[in-house]
Amino acid sequence: MNFTSDNWAGVHPAIADNLSRHAAGVARAYGESDLDKRIEAKFNELFEREVAVFFVGTGTAANSLVLAALNRPGGVVFCHSEAHIIKDECGAPEWFTGGARLQPVPGPAGKINPARLIRELGHFRPDFIHAGQPMAVSITQATEVGTVYQPNEIETIAEICRGKGIPLHMDGARMANALAGSGMSPADMTWKSGVDALSFGGTKNGCWCAEAMVFFDPSAAKDLQYIRKRAAQLFSKTRFIAAQFEAYLQDDLWLCLAESANEKAASIARILHADARCRLAWETEANEVFVVVQESLANTWIRQGLGCYKWPAPEDIADDLAKDEIILRLVTSFATSDDEIRNFESLVKGEA
Amino acid sequence: MNFTSDNWAGVHPAIADNLSRHAAGVARAYGESDLDKRIEAKFNELFEREVAVFFVGTGTAANSLVLAALNRPGGVVFCHSEAHIIKDECGAPEWFTGGARLQPVPGPAGKINPARLIRELGHFRPDFIHAGQPMAVSITQATEVGTVYQPNEIETIAEICRGKGIPLHMDGARMANALAGSGMSPADMTWKSGVDALSFGGTKNGCWCAEAMVFFDPSAAKDLQYIRKRAAQLFSKTRFIAAQFEAYLQDDLWLCLAESANEKAASIARILHADARCRLAWETEANEVFVVVQESLANTWIRQGLGCYKWPAPEDIADDLAKDEIILRLVTSFATSDDEIRNFESLVKGEA
Amino acid sequence: MNFTSDNWAGVHPAIADNLSRHAAGVARAYGESDLDKRIEAKFNELFEREVAVFFVGTGTAANSLVLAALNRPGGVVFCHSEAHIIKDECGAPEWFTGGARLQPVPGPAGKINPARLIRELGHFRPDFIHAGQPMAVSITQATEVGTVYQPNEIETIAEICRGKGIPLHMDGARMANALAGSGMSPADMTWKSGVDALSFGGTKNGCWCAEAMVFFDPSAAKDLQYIRKRAAQLFSKTRFIAAQFEAYLQDDLWLCLAESANEKAASIARILHADARCRLAWETEANEVFVVVQESLANTWIRQGLGCYKWPAPEDIADDLAKDEIILRLVTSFATSDDEIRNFESLVKGEA
Amino acid sequence: MNFTSDNWAGVHPAIADNLSRHAAGVARAYGESDLDKRIEAKFNELFEREVAVFFVGTGTAANSLVLAALNRPGGVVFCHSEAHIIKDECGAPEWFTGGARLQPVPGPAGKINPARLIRELGHFRPDFIHAGQPMAVSITQATEVGTVYQPNEIETIAEICRGKGIPLHMDGARMANALAGSGMSPADMTWKSGVDALSFGGTKNGCWCAEAMVFFDPSAAKDLQYIRKRAAQLFSKTRFIAAQFEAYLQDDLWLCLAESANEKAASIARILHADARCRLAWETEANEVFVVVQESLANTWIRQGLGCYKWPAPEDIADDLAKDEIILRLVTSFATSDDEIRNFESLVKGEA
């Protein structure tokens, strides 16, 4: 019953098998193998247009190097106050951009409030260089609190970006979970909604280290191969990242895995929703459940074997918590089993 | 008959199998799993003392982050003119150190000439800050031209470092090849000879992405976990790097693989040595052979299927080449087969 | 009647004269002249203890290089939401620290709220490296809204810093204005209250480019000479910065100039306070006056010749403004004349 | 008799006076004053075309920020082995470019050997990203050994640059000395010979801190105002840099001062040339004289009051020195007097 994080899971068997299948033989290094090229081309298909795609080993690398490619001197990136890039990457985006500032923008349910974004952007003017210059907006999909931006919400932000002449980045570490069961295509959720560059994550959804940077305008990525190499993210045997993506994308495995994780999260949400001692902090729209409970109850559950994080309450809901209440985050993954859900239900119902 | 590079090889079956074996299950992320901890501890055993060890995904990351940890403002690193860090890492060491300079030091056979090192270090004085300050010496083992530093050679350089109060780094991307058949232990070749920090490579010798930074004085590495995370090199599922090292170090697999590669290189060297049209540029002491041949003959071989690099002639031997001569680099790996060697012999003897 | 900024003023005659006086002759460059050494020593006297002092050319350089010297990988600096370093230095602190994050902390009257600082610091734990590590707190004295931290307020923050093992930096671009008429000594306001490092500004108070970094524990500054040189802030003829400070500190000129500026600001505040159409946004404790007025009235004044900035309303008082109200910032300097104050009074009283 | 460096001199009276003249009054800060604008426009006149010009405080800043503006990821700058940017700026160019490498190129008399430049550039190919990418060539005028590039020599290098699509930078810290008495115009020596960007120095020639970055294609400098501000080089009272340049350029003062310094250097060279115990290391074409003498004689002179540097022998002439010979560098400035030259002559002739 471990819902600590989806990155505590291992590797899906189809992906592990594909790594083994490609283990033998000799192939060009540094992204030049046939397999690399074939899987890169697969991304064009996936996104229904020609894209520039670059494989890297971690989500932090993908986010940081996309921003490095978009950077301008004195650059400022606007992201949600709870965004992974600002809370959990130890300054990597700042490091790889040579010191860009991440400007937090608040908003309910983990999403940037467009009005606040406009206000923050309004503080920057071309004739006042002291403040720096806006260089990108970054949104997280699914968000850090388990919600999902709808296309019209993305379009609204994209329009603000266009008005300021800056690109829109999507941190898609959990994009699969955002897409699964949404009826939307990858294209719908990204460039058709105005996204310019994407961190496409595989690691949290069954790969062991497969992340891709996707630029919908390939010309914006012309220096990225140098940026990636200089960042120590060009693997010599990069074809083993390609091999992960090959299995991951084959027959929509990635969406199936995400759908399974989402269903488990929905079950957890249902179980908690039915319990009068709890309330959900936000809607469960992907594979993360955030529940408000009394700390004593939370501690009991944890003692009884529930693996999860106590989550720091974001500014916007901190005041809604009673003094003895806290937030628990429960994350499911492709590997979460029905048994774990049943055990969790028993735990909550006091039958454990 | 592909001798282009050892990083064109794939993954040794024992390592691939171990990745698969660990694919299932749930474990703490970000280097905190039992497997991570167990393999980290294994490095203490390997080096016969307590070390600080950090897993990363690429050799460039290992080199760059070791240097970042050793860095000082205005820092200057001294390395051989042909070192990988100065020739082949696209400025990653400079990037991760925030602009340290790599000062090339010449020397025969790919090794730093101690007298030249002393002379270069002599240009830096505490009272002349304009030149910057020496912050490390870095040697490559095996060297970029396939030779191996002997312990006394390392000790000589280490003594120079101590005299200047700066640490000695070893880029051990091919340390296994340097050790195999040498009769030396990993401890002998490193800290017992005065090495302070090591990039310990597995990728070129049968892993797919397993590199470790090893600090023989753990206190020198206290900020390294932040440096690694900020550099986007802390993998969430880092246990799969640990899993590679587990198999790699098991029953001296790593040394067996390196020994096999070295033997194949020795065979290639013998074949070429026996051919009057060729001469070896340097002794073959590890898994790389550098041969001087007429360009026309080289082209014939390549047309007939020989995979290898034409190697730019380093300064110190450029004048020894006739106008129509070039250097070919042939690299063997754990995966090089007897058949490939036989085919190569046939090729050279004109029987192909 | 120009109250746009104190850095629109020129150079005080005594300082200009001293520059001229030292113009002739030959002296050691790069901070090694007798004059440099003598004025550096003067800082020991000024602060009643041995300090390490480094001259630079801009306030942004002083702030950024102090923070660079204090930096740690993944470092986070805590400063007030309206601090100059976060609002007005175009990312220089982030640049010179290699990407440290500036974490805004709110608080009334331009001062960090200690409770909020504790809360923000609480988000960082040694066992959670993803968030980075706190590396300094920075306060501005006088603050960006013209108020002054009292010694006990500084001590409170210093104690929080000590509890976390991080240093306290004071951006003293307007420290003279904070000191003038306070009855406190420079030592009282800095190290005796727990400040570890100081940006000591002269430029806004009658110099043309004289700023100093002062470290109260000289051992914390051992690499600073390299950091300064690498930052292009070691002037060859640095003795002309020393010459400015020589005149600036002579016979307490600096405090006289600041006192004059403060008195002029007090006059402006009195004039505005007496006018029913206005209210002061914050107390006027140094040389800056912030007044809330209807935008139409502000525009009239500006049309009639008032030089000043319309100031963006900080978060904490934005809600107190009526829809048609704005904030004007009026800054006085050593050069502000009685005539300008009289003219301003006439303007406000409609007699202009 | 102090010939240690031209930056040991003070400030020319006309420049000191002009600083004083502008000391009073109020003016827009941060480069927006009328004086700033007027002097910026003066540079168009000086160079006979529209240029983008940015004032900074040190020569290291000018060089580093020009290179920062030209930088590309993995960038490599080619400069002479003895260039100031590689020998004497403590890594500032590397810092401000985020880790660009400075690749030394040898050549006689302090000038880049074009054949060697072509060879070094040849090591970089668009399909081999591991080496990084060339991003600029930088030449020093006058050179670090007191010689001067002739227009055809600059053109040769500029043509190589154009062939590779990279810009040519000139470090003109002593450009006045290179121009004085040459019959060439500033335009001739720069853009008409193929120079794209210039560090135009005033400090070594009678200013106290006046340096300018000049871009002959203004569009190449569009981000430079942010780069300068982020680098802490945008002075609030930048009009005092403008004031220095105003006097410096008035009535060709700058060329007169340089001519005077050059004449003094020529006298020194004549005196030494006439002495059988000495030989000049290089032609004296500007304001620096390099003489080869026995160390014992040099020490005698120094004991008798000669101020100068013992200069490390560059690689290319080190072998020409006898075991007991060293190189002395003697630098003259605008402030060097006839008396000093006479005293020097007496010293050499043993009449002192």
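Which chain is which? They are A, B, C and D, in the order written, and residues in each are numbered from 1.
In this text, a contact is a pair of C-beta atoms (placed from the backbone, for glycine too) under 8 Å apart; a residue touches a chain by one contact, two chains touch by 3 or more.
Note that the structure is predicted; figures quoted are calculated from it, not measured.
Chains that count as touching both chain C and chain D, per the definition above, are A, B. Using CA-based centroids throughout, the chain positioned farthest away from chain B is C. Judged by contacting C-beta pairs, the busier of the interfaces A-C and A-B is A-B. Averaged C-alpha coordinates give centres for chain A and chain D that are 50 Å from one another.
Chain C has its Cα centroid 40 Å from the Cα centroid of chain A.
Spacing of chain A relative to chain B, judged by their CA centroids, is 35 angstrom. Looking at chain B, one finds that residues 30, 73-74, 89-91, 95-96, 98-99, 129-130, 132, 226, 229-230, 234 touch two or more other chains. On the chain B side of its complex with chain A, the touching residues are 2, 4-5, 7-13, 15-17, 19-20, 22-30, 56-61, 64-65, 89-92, 95-96, 203-204, 208-209, 226, 229-237, 240, 335.
Taken in their complex, chain A has these residues touching chain D: 30, 68, 72-74, 98-99, 129-130, 132-133, 223, 225-227, 229-230, 234. For chain A in complex with chain C, the residues that touch the partner chain are 73-76, 86-91, 94-102, 123, 129-132, 312.
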